[in-house]
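Chain IDs A, B, C and D follow the sequence of writing; residue 1 opens each chain.
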Amino acid sequence: MTNQMRASYLVEPGEVALRNTDVPALDSDQVLVQVAAVGVCGSDVHFYQHGKLGPFVVDQPLILGHELSGVIAAVGSDVDPSRIGQRVAVEPQRPCGKCAQCNSGRYNLCPEMIFFATPPVDGAFCEYVAIQSKFAYEIPDSISFNAAALIEPLSVAIWALQRAEIKAGSTVLIAGAGPIGVIVAQAAKAMGATEIIITDISEDRLAFALKNGATRAINVANDNLDGVQVEIFVDASGSAPAVYAGIKAVGPAGYAILVGMGNDDVLLPVSHIQNNEIWVSGVFRYINTWPLGIQMVASGQIDLDVVVTATFGLSEVDAALNNGKLPNQLKAIVDPRIN
Amino acid sequence: MTNQMRASYLVEPGEVALRNTDVPALDSDQVLVQVAAVGVCGSDVHFYQHGKLGPFVVDQPLILGHELSGVIAAVGSDVDPSRIGQRVAVEPQRPCGKCAQCNSGRYNLCPEMIFFATPPVDGAFCEYVAIQSKFAYEIPDSISFNAAALIEPLSVAIWALQRAEIKAGSTVLIAGAGPIGVIVAQAAKAMGATEIIITDISEDRLAFALKNGATRAINVANDNLDGVQVEIFVDASGSAPAVYAGIKAVGPAGYAILVGMGNDDVLLPVSHIQNNEIWVSGVFRYINTWPLGIQMVASGQIDLDVVVTATFGLSEVDAALNNGKLPNQLKAIVDPRIN
Amino acid sequence: MTNQMRASYLVEPGEVALRNTDVPALDSDQVLVQVAAVGVCGSDVHFYQHGKLGPFVVDQPLILGHELSGVIAAVGSDVDPSRIGQRVAVEPQRPCGKCAQCNSGRYNLCPEMIFFATPPVDGAFCEYVAIQSKFAYEIPDSISFNAAALIEPLSVAIWALQRAEIKAGSTVLIAGAGPIGVIVAQAAKAMGATEIIITDISEDRLAFALKNGATRAINVANDNLDGVQVEIFVDASGSAPAVYAGIKAVGPAGYAILVGMGNDDVLLPVSHIQNNEIWVSGVFRYINTWPLGIQMVASGQIDLDVVVTATFGLSEVDAALNNGKLPNQLKAIVDPRIN
Amino acid sequence: MTNQMRASYLVEPGEVALRNTDVPALDSDQVLVQVAAVGVCGSDVHFYQHGKLGPFVVDQPLILGHELSGVIAAVGSDVDPSRIGQRVAVEPQRPCGKCAQCNSGRYNLCPEMIFFATPPVDGAFCEYVAIQSKFAYEIPDSISFNAAALIEPLSVAIWALQRAEIKAGSTVLIAGAGPIGVIVAQAAKAMGATEIIITDISEDRLAFALKNGATRAINVANDNLDGVQVEIFVDASGSAPAVYAGIKAVGPAGYAILVGMGNDDVLLPVSHIQNNEIWVSGVFRYINTWPLGIQMVASGQIDLDVVVTATFGLSEVDAALNNGKLPNQLKAIVDPRIN
């Protein structure tokens, strides 16, 4: 292994460039992961198109990508060298470990969080990344690198549903039948939900979701949610009208968890929330979800490979980032081991 | 006791009339309470001014008033007759006792709820009311009838803070230093909060709140909430800007509980809610709060008499309903035993 | 329908007698259920053999049986008459609906509880029983009367696992592969557990459990629990050594729920409980479990018919109560509609 | 500052010796604390008398003491040097920060925990200790070093009561009116409990407890707990009969938290636990309690100085460890700055 690697940088909005850079140096508690698969996330696309996302602005070349898997290639001085060669799924964050949030087990809310592909922290569209050993989770051979990378969005789904106190027999409404919506549907089923309604404006996406977790599909281009009442609503659309309508469909003492990112401020049906004592919140990434996610995929309860519709090499990151514009595409993967 | 009584009816918006009507008949599990004090609530005033509140329309003469105390004057066939003569605070609702919400202990969300002073159900601006025996809570001699009536708004405060998981050391922000805001401040202190910030645009109200529970006051006519971060926000204002600003002041994993009633739909800072995983909800009345409320008042932790600024007879209900327009008024009481 | 019915009474320990008695009169909120299937529970057998169970002594003839299903034959004055003819599973209890426990949704802990087949309250080894309408849950045609009766023990299992905060990915140890143990194993699987270890001293029972929910069986006649560590332990044996060993197998922050009834006082590994902050508790019947139980059975996640190994008529209740002494028997059913 | 310090070693059961040793070297995230006060804990006394405690055996000279405060004298390379000179209370543990327990915020259950004064890890009967910067909590001038040291046992009390879901209006029974029992009583009061019953066999201790938090005292040498029913029982005695009787006094859905350490195995009233669905558990140290403890002491809600009845120098550790045998002694303090 040389100490140089190839990496795909976002150099300005709409433009990525393949460059050589140093392989990351390891802290004593880290491992070096040779990246094998990186999922393209909506936030990557947003950075690519706009050069910023919410408060985060890309003002120097940045490596995108934070849904990843790979193989451990080297270990820091405090890590067991027998880990070298392990296939792993990566939880792409480094909390400080010292603050009140970290000490309380809510490390996702750590104010000092270092998170992949969030300026100025580089991500995973490159050959090697460094990560704390504890956040590189070994995966069994039965899990593909693609599926292992997608344990990141699965983690979002698991955490959203855990926050909504999902349990055997829960009823769930999901807005948006994109990759996240489909993964939420699969996770809801695996976590015991018995009625899983999904909405979208694409018949193709809805048909796909019905094959992968959802028990009922509603095309909100033609239909509304009148008469729908659920215990849990998960927004995976980021659409303000979908959020509004979804919350209205939540019954007494239910939960609305907003996963999709849209406008900073959204008009919500506050009287309905008050009169039904609905809990509204969002998720900010995840905590402690990889072990369960790996187990769900390994056991076959959840099929993440099914959402992968295209794969690209490291020199094709621009194509990967534009792939979502093509018809019938769900999740694109970048494999830095090819070209 | 005759079988006739006086009652003050809302006959049309802005007009109340004193009339004779039948003393309520008792179900076997009910008691008859001779009303001694009824607090005037903002919802009473809203019905008085507009003839409706949200989905509830007054389309026939209605007795308002739902914050009440009194003396048990008679009991139903299944109730111990020794209760006659007890001084009681009344929880003014009758859930069905059969539905999923009732069986789960969330009887406030019962879809079949019968609630005082909500059309078409009459309230307590009258001489006698009927209530289930279990919802007529005996009070010690040390609690005045006025204070006993105000265990109803105290219950709203307790329930809001319980839903926000208040505990020893919590930090709380309250928007609105009216009667509810001051009672929330007192309840927050009694429940262990150590920092209790209250906002209003009236210096007088803020000064009063500082003497009654609040540890810090911010006049939002002149100042903003920059730099304020709390674990719990309780809105007692119903003002959309106050709700927005209050939620922005909630830190990671905190709670925002919306008690005040304003517009049905409100613009909320959804990105802030998501990024900090804040739980936003409201309260719809209360459950199981009277025993604790009575204990808090009896022990002196909470002083409800302090918010009473005027008392009226049953023939003066219109004056009582207009009392809030006068300066320096917090809570008006109607005592049906006088004129 | 006459106003007389046949009923099987426990007249003294070891002796039951078939007698005629009045069909129960209905309260206004009750329905009359023509009994179709009654499961024989260990508590029935204990009353039959000893004439008492814990503090409860049978000092006058008593009808046993509390796991039941049937058909609504008549309704009280406040119940919709269209319910007549419905097939129902019965939750065999009547809480007072007035106390602090009932108001909090913990009606199973109601100090005024009236419970079937607990002296002096009669049970269901008879042709007709009266029950509150809300506790007679309609079942779909796909659920047999036998399975519907066994939603009662399934409810014990569901409630035990809910109290243990079971969730997707939980690991569970169950002591005792009798009917309750097998039903707990099935429920644990349906509620998301991925490792379900069951112990017994009968190879036949263990083999059966492995086919019905358990993922691993340990014969504690030959083997011990060394090396086993789980998040949840459910005792379904009532055996003090099994309880002790089971708690020792619970890891940090885990749960031990004692369902089986044995000695009043049991030696527990308190240091292990303290050092691992294990939560130890039991279940006392159940709350709000029938809807989920019916759903689980209707969806095929749980197969209750599989534990039924013998059926008896109302004149054969003694044989039903002795059936457990025969080899390879799990659950006996009494069908009062036959002889 | 030299690189040598004085330390009091337990060299064999019943014998301590003052020796010179190296001042601890600092890891990059640690601070060096000059010890100002160390409370003598029952576990210190047990090690002193028996040379072991449960599974922990002292097989080489060991420095005891884990309840401590002091002044930051030096900082590691990653710590802000401005901390030097701060007065601090020390949380005397170092969790691994990597395991499932740590990641979940239950760092007290970390299997790799390094804890002061637990063989082979040295404690604080010495001049200097090293601790992670985050576990050296700055204290205001209003808190004495003695009180700051006793935030450690206060933390045990806070954590026990938090686990018991204490809230405004809770009723609490405490067994044992020693230092821990009195501190639990004070903490219970500060956390909202309104009825705080304490038991002991010493009239003097009970009288003292009544002045410091308890609302009622029962001398169990003469009296029993008949008629007592509470929501929360905390054992601070380690006595098996007290634990048994205390659990029997817990009502429906209550909590029993066993803090005192006694026999490994204890006979518990399992039927009572089951029939009332009581949650029984213990505490293993604490998590995230120092900030609240400091706040409670700083605000005057809790007075820890009141339990200190004797102070000793570093050359008098044997006297400090024997001090509990004298009459009317509660908590002894060692101040390593004197002789």
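Miscellaneous remarks
Assume contacts are C-beta pairs under 8 Å (C-beta built on N, C-alpha and C of every residue); 3 or more make two chains touch, one makes a residue touch a chain.
Here the structure is a predicted model, which means the values were calculated and not measured.
Touching chain B and chain D at once are the following chains: A, C.
Simply put, of A-D and C-D, more C-beta pairs touch at C-D. Chain D has its Cα centroid 44 Å from the Cα centroid of chain C.
Residue positions of chain D touching 2 or more other chains, listed in rising order: 104, 106, 291. Of all the residues in chain D, the ones that touch chain C in their complex are 54, 101, 104, 106, 108-109, 111, 163, 243-244, 252-253, 258, 261-284. Within the complex, the chain B residues that touch chain D are 158, 162, 167-169, 190-192, 194, 291-292, 295-296, 299. Those residues of chain D lying in contact with chain A across their complex are 29, 97-100, 103-107, 132-134, 287-288, 291.
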